[in-house]
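Scroll down for the structure; my scribbles are underneath it.
Note that the chains are named A, B and C in the order they appear, and that numbering of residues resets to 1 at the start of each chain.
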Amino acid sequence: MMTVTTVNTDIELSERFHWIGRLLEGWSIYRKSLLGKIGLTLLLLFALMALCSFIPPWADPMYHPMTGVDPEISYSVGPSMRHWLGTDFMGRDILSQLLAGAKIAFMVGVSAAFMSVFLGTAIGMIAGYTGRFTDSLLMRLADMIMVMPALLVLLMLAALFGQLSIWFIVLFIALFRWPGVSRVIRAQTLSLKHRPFIEAARVAGASHLRIIFRHIMPNVLPLSFLYMTFQVTSAIIIEAALAFLGFGDPGTVSWGMMLQWVWKTGHMFRAPYWLLPPGICISLITLSFYMLGRAMDEVLDPRLRKEGETD
Amino acid sequence: MIDKGKEIILELEHIVKRYRTRGSFFGTHGKDVIALDQVSIRVVRGEIFGLVGESGSGKTTAGRLIVRLEEPEEGKIYLDSNEIAALKGNALREFRRKVQMIFQDPYQSLNPQFSVFDAVSEPLIIHKIGNAEARKDSVWQAMKSVGLSPPDDFAHRYPHQLSGGQRQRVAIARAMILKPEFVVADEPTSMLDASISAQIFNILLEMREKLHVSFLFITHSLAAARYLCDRIAVIYRGNLVEMGPGDEVIQNPKHPYTQALIDALPKFGYSGEVKRYQTLLRAERETSEYVGCPFLGRCKVADETKCSRKKPPLKRLGDSHSVACFYTEPEVKTGSGSKE
Amino acid sequence: MALLVAENLSVGYQTQKGYLHAVEGVSFSLGAGKSLGFVGESGCGKTTLGMALMRLLPPNGMIRQGRIFFDGEDLLQKTDEEMRQVRWKKIAMIFQAAMNALNPVHRIIDQIAEAILTHDPLCDKEEAYEQVRGLFQLVGLPQDRMRDYPHQYSGGMKQRAVIAMALACQPKLIIADEPTTALDVLVQDQILQETKNLQKEFGISIIYISHDISIVADVCHDVGIMYAGQLVEYGAREEIFDSPRHPYTKALLSSYPTLTGEKNRLVPIPGETPNLIHPPLGCRFCDRCSRGSVSCRTETPVWIEISPRHKTLCD
């Protein structure tokens, strides 16, 4: 016969264990999706790139993406043994720029996505649950933001404050992207609000705050999580677009920045080894996040899963 | 109607509940739907009171008003002689500890993200009762009392891993863990198979024995009401049409609607094809809404002039049996004639 | 003589967790103009049986074994195109919650007319509408409501419309799966009585599938009790209800509260239904049976004939 304390921890363990069990079950479903596997593989590749971004400059300072100076090359030249992808217009190594760009893509993508989903979920839940005046207020705010031309506002801000730092861009993306998430979360909250288990919680005496955080949030988080993958996609593209248009942070090397340099220095049609890698990377990383999201959709929504077919 | 000596735990007094449907886009006013019309019920402490009706009768609404998921437009509800509409703050929390509800749909009344342990311990956490150890003990006890034994097996399971019957037991354990005084059971077995329903009925009876809980058992099945309930009230379109001791109402139904319900129930191959009471019209007749007897549209024994003018009040016949009909007769169906 | 004969029918589904034996070795025969009810609780295979008879199983379902003879022809030998000819013209089906299967954007009259026109290309629209008028009268729907949309009908009316659609092509057999769940008690009773009358008038055979023994109890000539994919007792209605033999039938009957007679304590059936992916050898009811013996668990039960119209898998 176990003591009470042991049984207590047993329950906690079996709960945590069960959480792991569900993760494993989700993984086995995920694994079956071809899209999911391709997406994950690509993402792991990019993650590897990001992790290895410190290697070239560490090996030899001339490989530094921003400040690297090759004593022999000070212009753009094609791939060689020395520079596997060639050099940019200042003689800097393109491969190390590409690796650094991967790092930025992940940083920007994930942070901006996380912030926008966090805001969107919180606001969506509160709007959906409280209803009436607060709901209208928040949703009108969301509408206004959705309607605003993000680029124009950014232009104005750039004009006011000069060049924008990368973290400002991240914040900016988050502030402009939360409305989309909040609409979906609000709809989900509305449908949950009237489900019997929520009413049961009310009858049991739960406060509104408890219902929102303990009952509604866990049921809404899978959707948020799913949206995060899509938001990463758009965050990366927005940052690349901003950088390409010249509104990026000049102190960081992102793929968008690389594209800007190619264009600005007139190498668009002259240096495919410089133009193509960042372009392909942007496309591929967004594609892989998208595939990840699609595969997760199957994990989260049991109805989309296929049963075994007969021959 | 009830022995004066017995204590009344819950009372509904002239309850009226209206829903306003929204008007159409072109500006016509919304219509009022009267879900409950002057409904008064008294439940004695320790009894199981059955509220029997079909869909749209208002029975579920009555249950929801009692647990304060909604508020009535008119009338008052008393728990232990205290009016519940006025309760706020701590008093409201106390009320929530004493009055609980078991919902109809076992597939929707449990949070899919909560384990059985989470679900059953939730009310204790909300009311800040006991520490983790004491809570665990209470949950174990509650699970054993509804037959989810051994508790170790079930505590960490999630709703999608349980059958409908098991989920409903979790819902019962959750409702009972605070040792409430009054429980509204809203069609707890209508989505379950017969053999599982039988298990649930017996659990409810045990709860009444052990915890001295009073129940309002809402159902569309007169047979289930007969099995479980001490007294039964039959409700039709928001109006109470008959009320009395269970056996009395079923063996001696006086209202044409109750009689029609009994006619419609299965005889399991016994007795011939002939219905006993035959009070139902095949096709509905035209009536104006909310004026006159609510059952007029389908009543074979009705008199169109008398029954369309006024709504028959709930009148007491004899001891504790009440009927709302202008034509209540003694035993045999003879002619018309009103009784005291 | 018999309109529909099933021999040793076994149906299953291929699922992620393995092959699910939904129906095992079911045999029965149904005469013209008779009604047969299949009763069982969730998971007993009755819906699967109904769908298999019409060969309407989902992609992962298959009829593993057995034969189905309808009007002398082996349905399992037919091609898809031939089955389509059989469906609705000879065998009509009323699905669960059929009233929700009415297309909300088409008028009722159009939906029923479409069923007629699809299966009788020689018919023209006017004739079809005439037939619909006749059907409405048959099922007790008012003529002036023919051009309404489904949402304007009450639950009972929708069900009647669905029955009219099933009758539209004058089938010989109707398979009704839970035809009256979601309807109120009074409407349910009315519709069942009316269906019984229609059946007598037109000599249609009906198979009722229900979890509710009360529906089957009043309207069927013969009853089959199903448990865990198998038919455990089969016979004339009176004999089954007067003298049930199989322990499951007895247990099922005693878990229904009655309106008359003694108020005995309801005896629920302990335990849960068996896993059909790995079904037990021997009797499937054994775990929950009050009379289980060692031989029950290991030996495959055999049919015991109690009377010409009553057989059971256990005595």
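Points to keep in mind about this one:
Here is the rule we go by: a contact is a pair of C-beta atoms (placed from the backbone, for glycine too) under 8 Å apart; a residue touches a chain by one contact, two chains touch by 3 or more.
Because the structure is predicted, anything quoted here is derived from the model rather than measured.
When the interfaces B-C and A-B are ranked by C-beta pairs in contact, the top one is B-C. Relative to chain C, the chain whose mean Cα position lies farthest away is A. With centres set at the average Cα position, the gap from chain A to chain B is 51 Å. The distance from the centre of chain B to the centre of chain C, with each centre set as the mean of the Cα atoms, comes to 32 Å. Residues 41-42, 140, 142, 184-186, 188-190, 211-215, 217-218, 237-238, 240-242, 251-253, 255-259, 263, 265-269, 272 of chain C touch chain B in their complex. Those residues of chain A whose C-beta lies close enough to touch chain B in the complex are 4-5, 7-8, 11, 14-15, 17-18, 195-197, 199-207, 210, 215, 218-219. Interface residues of chain B, counted against chain C in their complex, comprise 54-55, 163-164, 193-199, 201-202, 220-224, 226-228, 250, 260-270, 280, 282-283, 298.
Touching chain A in their complex are the following residues of chain B: 67-69, 92-93, 96-97, 99-101, 103-105, 108-113, 115, 117, 122-123, 126-127, 132-133, 136-137, 155-156, 158, 171, 174, 178.
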